[in-house]
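Mind looking over this structure? Questions follow.
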Amino acid sequence: MEETIKFVQGNEACVEGALYAGLTFFAGYPITPSTEIAEHLSQRLPAIGGKFLQMEDEIASMCAIIGASLTGKKVMTTTSGPGFSLMQEALGYAIMAEIPCVVVNVQRGGPSTGNPTAVSQGDVGQALYGTHGDHAIIALTASTTQDAFDMTIEAFNLAETYRTPVILMFDEVLGHTREKITIPKKGAVPLVDRFRTSVKQGVDYRPYLPREDGRLPMSDFGGVHRYNVTGLVHDMWGFPSNNPKVVASLLRHLMDKINNNVYKIARYKEYYLEDARTILISYGSSARSALHVVENRRRRGERLGLLELQTLWPFPFGLIRDKCANARYVAVVELNMGQIVQAVKMVLPSEKVFLINRYDGIFISPTDIKNHLRLIHGRGV
Amino acid sequence: MEETIKFVQGNEACVEGALYAGLTFFAGYPITPSTEIAEHLSQRLPAIGGKFLQMEDEIASMCAIIGASLTGKKVMTTTSGPGFSLMQEALGYAIMAEIPCVVVNVQRGGPSTGNPTAVSQGDVGQALYGTHGDHAIIALTASTTQDAFDMTIEAFNLAETYRTPVILMFDEVLGHTREKITIPKKGAVPLVDRFRTSVKQGVDYRPYLPREDGRLPMSDFGGVHRYNVTGLVHDMWGFPSNNPKVVASLLRHLMDKINNNVYKIARYKEYYLEDARTILISYGSSARSALHVVENRRRRGERLGLLELQTLWPFPFGLIRDKCANARYVAVVELNMGQIVQAVKMVLPSEKVFLINRYDGIFISPTDIKNHLRLIHGRGV
Amino acid sequence: MEETIKFVQGNEACVEGALYAGLTFFAGYPITPSTEIAEHLSQRLPAIGGKFLQMEDEIASMCAIIGASLTGKKVMTTTSGPGFSLMQEALGYAIMAEIPCVVVNVQRGGPSTGNPTAVSQGDVGQALYGTHGDHAIIALTASTTQDAFDMTIEAFNLAETYRTPVILMFDEVLGHTREKITIPKKGAVPLVDRFRTSVKQGVDYRPYLPREDGRLPMSDFGGVHRYNVTGLVHDMWGFPSNNPKVVASLLRHLMDKINNNVYKIARYKEYYLEDARTILISYGSSARSALHVVENRRRRGERLGLLELQTLWPFPFGLIRDKCANARYVAVVELNMGQIVQAVKMVLPSEKVFLINRYDGIFISPTDIKNHLRLIHGRGV
Amino acid sequence: MEETIKFVQGNEACVEGALYAGLTFFAGYPITPSTEIAEHLSQRLPAIGGKFLQMEDEIASMCAIIGASLTGKKVMTTTSGPGFSLMQEALGYAIMAEIPCVVVNVQRGGPSTGNPTAVSQGDVGQALYGTHGDHAIIALTASTTQDAFDMTIEAFNLAETYRTPVILMFDEVLGHTREKITIPKKGAVPLVDRFRTSVKQGVDYRPYLPREDGRLPMSDFGGVHRYNVTGLVHDMWGFPSNNPKVVASLLRHLMDKINNNVYKIARYKEYYLEDARTILISYGSSARSALHVVENRRRRGERLGLLELQTLWPFPFGLIRDKCANARYVAVVELNMGQIVQAVKMVLPSEKVFLINRYDGIFISPTDIKNHLRLIHGRGV
């Protein structure tokens, strides 16, 4: 397949990215503003021999992709906030059982059914803490349609690399913004395939024994090995255990395999950070307004920079600390009442951290940001 | 009813507290280590004319108490981590629709089915962020059986005062520790009753028009007013709206009614803080070990203090800042991989904040804490 | 004269204060929003044997009161921004020649003819720096009608004490707000009268020889001494000199007599500063909105305080430093684009100093202040 | 015209610069130490067809150049402190009506008639705050005769670029110091000419509608358009308005067009700043003594540097912050009681900022500076 140029919505770019990455199984339940993803896949997947399942709800959808993943498929489901809440229990199962899968949340205004189809980035905290118990998660986002394509591929790659669910935290403006994307020819973007065990049939396969590099080779369900998969704390064979050493070591493994690789997982873009006195940190569609402000103000000599996060979790604390060390003001631009700003406050002196936000369903504009900046700089309105 | 002394588990103390507070409707699905609460209520509630419903799952349980609350009852459900994850969507509905209810999570080891019946405080982050969208929550905890009784009453009072779900974040050790409690005579502990509207039948009742003090009088479903209740963003009559001003003002109201009252909601105990050079912050059962260490070391002249949090959310940032302003070391003692410590780092310089924890299902002992303190004080292991 | 209660505008309260303080000579040119002062004095002064002169412009007005003051009268003129600019040269003369007088600027929107009769505090910087050359000035303000009365008396007292012009920086909202004032009975408020020389006729009177306490006794023009008064640098007899020691010592005297007495001259009110984490600094009518916010938030447990400045110049740097030492945020609330905030930034770390302002002619409301505070506290909108 | 070398006073260099820049209209009233400028122009201007008007006072002078500028001329007036005070009201009008003009203040000792013909830099604060109301100003200075020539051209260029009055804050020593200057050939220094509208006759010309780059094309009075010019707040057609949005947007425009371009407007020279442990900040003639000290001490290995400001307002806060970030001592050398030092204290920790000054009419010498430095460095006098 040759390089292709398309003019598509972010949601369609996600479809293209997923297919490029090797998606062959999708299960989901429609909810705006994510529905176009399912809609397109309902035609595209069968055409390539993949499976598309419209499920009865989001719990079933999440469970279906978990099962399919265990058979060796690359899998995905999509939803928005209310469905994401319903997925939390099964998501915890996928974390515990270390099952690669991609969950897309095209965010709309919450809580509850909230403000449907209006833009929001209000589920970002939930992506980290939504399911019970200590755990780590990988969550990515994107600000442009091209990035939506790229980060979707990245999500599949990280899910396979770290044997974990990866959350794509898109937002309504991204999902519905129509832009040109370039789909590279097959092979141009490296793909991470299912890491299968080389243990032969009849030999003792230990599905939860990490290799030295922390990775765990899998064996397709229905294949040559029979083994236990559970949401309970388990030993290297997958059998339940409440031995304190087993408990501590499994939880530590689940955390470390992700948090210790934060520098590898962290995707971001930076603009004019070297000498920036004020740094905007943003992500998703709001980063576009932030970038507009930065480029506009740079022309006037103002030392403004932008750090656009594409990986939200694991939170790149070290990156933030380094990039913002010399900045006097750090303002997090986000479309919620302040979620990522709290992570930023954990590593920077809170008196230099500010929140520039909007949460009324209206997209934050460059002018909104500029007005907030004046106040932050102590210059009044 | 006269003052009574009982020798009960924390879970039974919770039952006593709920009944004292006026609980008349319970719906739930059993899960260890919370089951004793439902078990006792299945006998106690019918005896006083209340309703006990064993539901088919936790989603149904949460929805049942929401409906019952709207008819004017004081309601409760209980669960542990996995069930709590399943309740997240309906919990968001209760937040959005401002329905008073009490949800008890007697925590066990997670994630997923995890480490059943072993102690944990691993759902503390989820209590704040478990449901999607920006929102605020009240979450309380307790370290003794008597406190379990007291904080359960407090939970009902706060739920009615702020028209919101209140989460009781107990843990397995507390739930199963048997101690003496004193149940005061009726009337000795002030109770907050349902705040009902004085608007007469046939007059325009606006269920979501806050009074000047932020409170919203309710009208019992099945009573004289018919009105709309929805999880969508809604206007003062409860009808859906996506008007940006309505959106912003409702979300701000939901946040502010709780977060602006953090000083009123914050319950805590303090021990030897005045001159403490090292302050332990703890909550739930682990605070008992921390207190033991503090009292033991004070006798030797060490300037050690303890701040025991009983309100976890809204997080008492101001309290932490004030109490720890002069401490050189602040160590958070918790039974997870570091959840409350992150909130502490938002207000104190992270270089003086440490984590003393255990997450292997074993209760943290005074000796565990002492060993950590040596390291923190730079004196090696 | 007995204590009297009146219901008057701020401008009339100024008239009452001036008459109470002993005003007997007024010269002025009408300009809104100050005109009511002249209007009332045009009737009140003749009635008590005083002189009221309507002059051809503000330069003439300023010069007339300078001359009258030299004859031993207590004098005043009133104006608004454009007239105040015209007075700057003669104001410098009064500073240099050390002539007691009171100049009232009821501020309206500038620059130039600007936004007449709309409220502003935009001339505050000019009060300090409006005339050329190094100099010090005393400028007072008020937030209530009663304060307008009190501070007018204070202005006359300070003018006589320090032999200097005193500027009353009122604003339109104050000038036109009608409130109850209590005029104390004669003698209840101590008055500072002209400090006349005891040097006898025919003896060498040195009008510019400061006594040990820095004060300079005056001799009424037309009286027993003939002496020189000039805007040039002068020696103790009032005769011009360019001797560097004379120059330095005169300039130092003009500065020190005011700036070294900053603690005596500083009038202010404080509200809840002891434990305040956020301190609002305000003055004039905007301090009323600030006070409203502070009292409202204190009821909710927020540690907000207000420092209301009644003396603007000499700027009470030490006071600000002391009162704000433990505050984390200091926000100056003013009706301009940031003038007093700059003085505050000279003594406090600029990263903790913010500006809450409005400069569109509309009075700043408590809601405006609250909205700004959210951003300043890093909590977004 | 070829490059020319002349041996002239600073005041004459100003004349040469003004003529080079395209001055064709001058109105003024003589006052030492500025008089030579008018004197020379009274001969030079008529010789090239320009207009020289000796007015009755400084108010009239300022008004005359405002009117002439509106007809499309490049205009200038000159004065010293007392005249500058008299110009303040009309200066505000030029700011508000956005009329390009150059005002030269060759400073002498103040306040009032002060210490005539003795050097001073005492009107620097007045240049910023002399007229009432919020406003921004551009003020330049120079330390050598050649700089006086260059900065005069710069003043005309900035006045035309930003459609605003520009103040040249010279001082007596500069005005009367005779040095060699090189006048470049015509065309060697880029000149900014009047930016005239391309709107045709009969088409709706909006004199106060800023283009996207903030500039406002002008139309010569007496030309094809009739339009309103007022000192009142006005709309895009120049008609008065008190609409709060119009008020805020005009004031913000007047501020931003200057303050947002601080990096473009900032002219300065730096000497040995890279590794300087002590940085002198100076301007005008006193910078010559400062430079002498720096070069002298560098030869001895002392890490002393000089930042000479040529633009005083808008104050280059960012520049100061950057250049002085690594210095341990920053000493402002100025010929007044401390005016620029206060701006410096707004951006640097006040404990590292010192003032080295003289205000007795005598020029500050290198020895004066060296003596102060000993004290600042803690080595006693």
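Letters are used for the chains, namely A, B, C and D, taken in the order the chains are written, and counting of residues starts over at 1 for each.
In the analysis below, a contact is a pair of C-beta atoms (placed from the backbone, for glycine too) under 8 Å apart; a residue touches a chain by one contact, two chains touch by 3 or more.
Only a predicted model underlies this, so the values are computations on that prediction, with no experimental measurement involved.
**Q** Using just the Cα atoms, superpose subunit A onto subunit D and tell me the rotation angle to the nearest 5°.
**A** In short, 105 degrees.
**Q** Just going by residue numbers, which of A-B, A-D or C-D has an interface where over half the contact pairs are the same as at B-C?
**A** A-D
**Q** Using mean Cα positions as chain centres, tell me which chain lies farthest from subunit B.
**A** Checked the centroid distances; the maximum from subunit B is D.
**Q** Need the CA-centroid distance for the pair subunit A / subunit D, whole Å please.
**A** Chain centroid spacing, subunit A to subunit D, equals 55 Å.
**Q** Rounded to the nearest whole Å, what is the centre-to-centre distance of subunit C and subunit D, using the mean of the C-alpha atoms as each centre?
**A** 30
**Q** Roughly how far is subunit B from subunit D, centre to centre by C-alpha average, rounded to an integer in Å?
**A** 64
**Q** Rounded to the nearest whole Å, what is the centre-to-centre distance of subunit A and subunit C, using the mean of the C-alpha atoms as each centre?
**A** 60
**Q** Quick check: what residues of subunit A touch more than one other chain, meaning two or more?
**A** Only 337, 345, 350, 359, 381 qualify.
**Q** Taking chains as nodes and touches as edges, what kind of graph is this: line, ring, star, complete or other?
**A** other
**Q** Taking all chains into account, which pairs touch?
**A** Applying the touch criterion to every chain pair yields A-B, A-C, A-D, B-C, C-D.
**Q** Give every residue of subunit B touching subunit A within the complex, in rising order.
**A** Residues 81-82, 84-86, 88-89, 92-93, 95-97, 107, 109-116, 118, 120, 122-123, 125-126, 128-135, 230-233, 242, 244-245, 247-248, 251, 254-255, 336-337, 339, 342, 345-347, 349-350, 359-362.
**Q** Along subunit D, where are the residues that touch subunit A in the complex?
**A** On the subunit D side, the touching residues are 248, 260-264, 318, 321.
**Q** Under the touch definition given earlier, write down the residues of subunit A that touch subunit C in their complex.
**A** Of all residues in subunit A, those touching subunit C are 328-329, 337-338, 341, 345, 350-359, 372, 375-376, 378-381.
**Q** If you look only at subunit A, which of its residues touch subunit D in the complex?
**A** Residue positions touching the partner: 277, 300-303, 381.
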